[in-house]
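Across the two complexes that follow, chain A remains constant while its partner is chain B and subsequently chain C.
After this line comes the complex of A and B, so read on.
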């Protein structure tokens, strides 16, 4: 679906995106994970054919992005970081308008509205929508023409837990419909939950690219941390696969003296930090 | 097909944003002015009012529409849609010209201007001229205040000569100046082939520039202050 080879790009004369290589398969959810200013949106814009001044190759849906024609967009749906609707028009009017820009007849508007629970607000002006409602509306706007490829820029950022959950379920629902989905985020928990593979991006470079599970496993196994009282509190920890060799722990268990014990696996955030030397936020 | 949809939606937006209401009120006001004037002045006054409608309103409203879209980040959505910049330019221009044409027809009939087809053609051409200028300006700027500032030189370059020309205060050598050709047509006066050719060439150039500017605006789409 997407092949990127030796991609270079900069807004200025200073190098920014450098030597990027990756491919995205059909039906995959692929995440760009990185801190603010890493170049995630820039990369999306290149793949959308909006920044033709790159070097190297970026092929989307069989088209080299810099040579895209307008038909290129018939099969791509984009959900930007911000709302891109006419605020004075109702949700339904906006959807009708944007749907009229495509040749494909696409998906029924009522069905989409219902899918995100906006069927009763469809005639309200977008200006009167809450943030969560707007983000759901902008999401289905990207689905109007039933594109095979979806670009979602920060789909879950700034949403309350309920809306965040809903948005993630909607994205997973689209994956079931065999859509290819590219999303950017700086929320590693969302990335872990949604993405088949993630690319760690910082300073315009890809530092690692793998499934969230492999990335987490690649760096140190899960550790067990435990505390006990012995003239004050003591803490020790041990990798989960060497517990049988930890004599202190054995003894504490035998004497029932453990105050607490818990295991913790490294999060994608820890791994990101370790690999790129930068935090995500 | 898409162009037709766009055009119908543009009309809907304009109705929604109260343009039709505003133009309706303006037309009533124009007619009141016309009939308050002595009979002898009515022809020139009607020509002036008809011309000033696209010249002042078309230019300004086109700017307002584009700025409004910018402030709501709609250009981003256009940039990622299969819509051609030229379709956008044509649809917006045509929808605003249509309003000007309706206003012009009403005023021309009310004032009893002769040569109605010529008056309407002149109105359409001035409408295209001014709305394209408004669009080009609006793609370049980021706030309403800035827009108002930048329309001043455009009005001075286009509106002022045409008005002077209407009252024959300019040397006849300037009759082929595009805005003056429009004014002659609206006033039902004769005009030269050279004048029409020059006007046509300017309009084609403006369409070309407007398309370039709109494409560029979509690519670098961002927010503006209103």
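After this line comes the complex of A and C, so read on.
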């Protein structure tokens, strides 16, 4: 679906995107994970054909992005981080207009509104919508022409837990419909939960690319942390694969003196820090 | 083409909901009535009061020229304001990644409104003119007026990053039409300082009754539009 080879891009004389190589398969949710200013949005703009002045190759749906025509967008849906609606128009009027810009007939507006629970607010002005409602409306706007490829930029940013959950379920629903989804985020929980593979991006480079599970497992083993009382509370931890060699733990178990014990895996954020030397936030 | 037409209709529906923009679209008709009826009346009163045979009559051609520029400029101002509002709401960024595309967006917001402004000026100018205009002169005046309006629109959307700045830039950009005064009020060599302005050449064509001056008017307008489109394409907000 997407093939990127030796991609370079710069706004100035200094490279902003350097030597990027990756492919995205059909039906995959692929995440670009990185802090603000890492190059995620620039990469997305290149793949959307908005920045044709790149070097190397970026092929989306069989089209080199710098040579895209308007037909290129017939099979691409975009959900920007910010709302891109006519605030003075109703939700229905917005959807009807944006739907009319495509040659494909696409999905019925009523069905999409119902899917995100906005069927009763369809005739309300977008200016009167809450942030969560705008996010959901923005999302279904990207689905109007039933594209095979979706670009989602920080789709859960700033949402309350209920809307966050709903948005993630909607994304997973689209995956079931065999859509290919490119997710740009700095939220490691979203990436872990949604993405089949993630690329760690920092300073315009890809530092690692794999499934969230593999990245976590390859870089950090699960650790066991335990506490006990001995003239005050003490805490110690040990890698899970070396538990049998931890004499203190063996002794505490034998004496039934453990106060607590739990295992913890490193998060994607921990792995990101370890690999890139930067935090995601 | 379907997407361009839909996008254009969307702009008209947007204008219908905005009283200021809607009123701006009606302004050319109002200005035409004022010029057609008010200026000869004023000339009559002034001539009697000052006891002179003619005061404004030698400048009737200038009034026609200004009218030919005001009518399309108002339409182009309206589309510029719509574009800036779309930019404020970041809708322009979204529209260029739809079936409309960047070229379709520019076509629906710059070229199609300019074509309609040209036709409207062709209709209004013969209704509200003060001098006798040949068909060729009417055509050229409508064309240069439309090109001048497009230059002002592109100056507004290229130099402003929001609607508020757009209002300020509009005042500055419309000063371009002042080049029309020079052939009437400046001596021959000095007036050429305004030769980069299409309005100067259009005024020269009317003042010197030489339609050939319309060619540099169209030529300079073409250069302005070409340069502004190039700057717009590489404008920072599009990155």
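Keep in mind that, in the parts below, the second predicted complex is superposed on the first by the 281 of 281 C-alpha atoms of A that agree within 3 Å, B and C clash if a C-alpha of one lies under 4 Å from a C-alpha of the other, contacts with A are read in each partner's own complex, and residues count from 1 in each chain.
Here is the rule we use: a contact is a pair of C-beta atoms (placed from the backbone, for glycine too) under 8 Å apart; a residue touches a chain by one contact, two chains touch by 3 or more.
All values reported here derive from a predicted model rather than from experimental measurement.
Overlaying the two complexes via chain A brings chain B and chain C into a clash. When the two structures are aligned on the shared chain, A:29 is found in touch with neither chain B nor chain C. Touch criterion not met for A:118: it reaches neither chain B nor chain C. By the touch criterion defined above, A:95 lies against neither chain B nor chain C after alignment on the C-alpha atoms of chain A.
In the superposed model, A:133 makes contact with neither chain B nor chain C. When the two structures are aligned on the shared chain, A:11 is found in touch with chain C, with no touch to chain B. For the contact definition in use here, the residues of chain A common to its chain B contact set and its chain C contact set are 48, 50-51, 70-71, 73-74, 76, 78, 80, 82-88, 97-98, 100-103. Within the complex formed with chain C, the chain A residues making contact are 11, 45, 48-51, 69-71, 73-74, 76, 78, 80, 82-88, 97-98, 100-103, 145. In the complex of the two chains, the chain C residues touching chain A come out as 2-3, 6-7, 10, 14, 17, 89-91, 93-101, 103-104, 238-239. Chain A makes touch with chain B in their complex at residues 48, 50-51, 70-74, 76, 78, 80, 82-89, 93, 97-98, 100-103, 141, 151. Within the complex formed with chain A, the residues of chain B that make contact are 1-2, 5-6, 9, 12-13, 16-17, 69, 72-74, 76-84, 219, 223.
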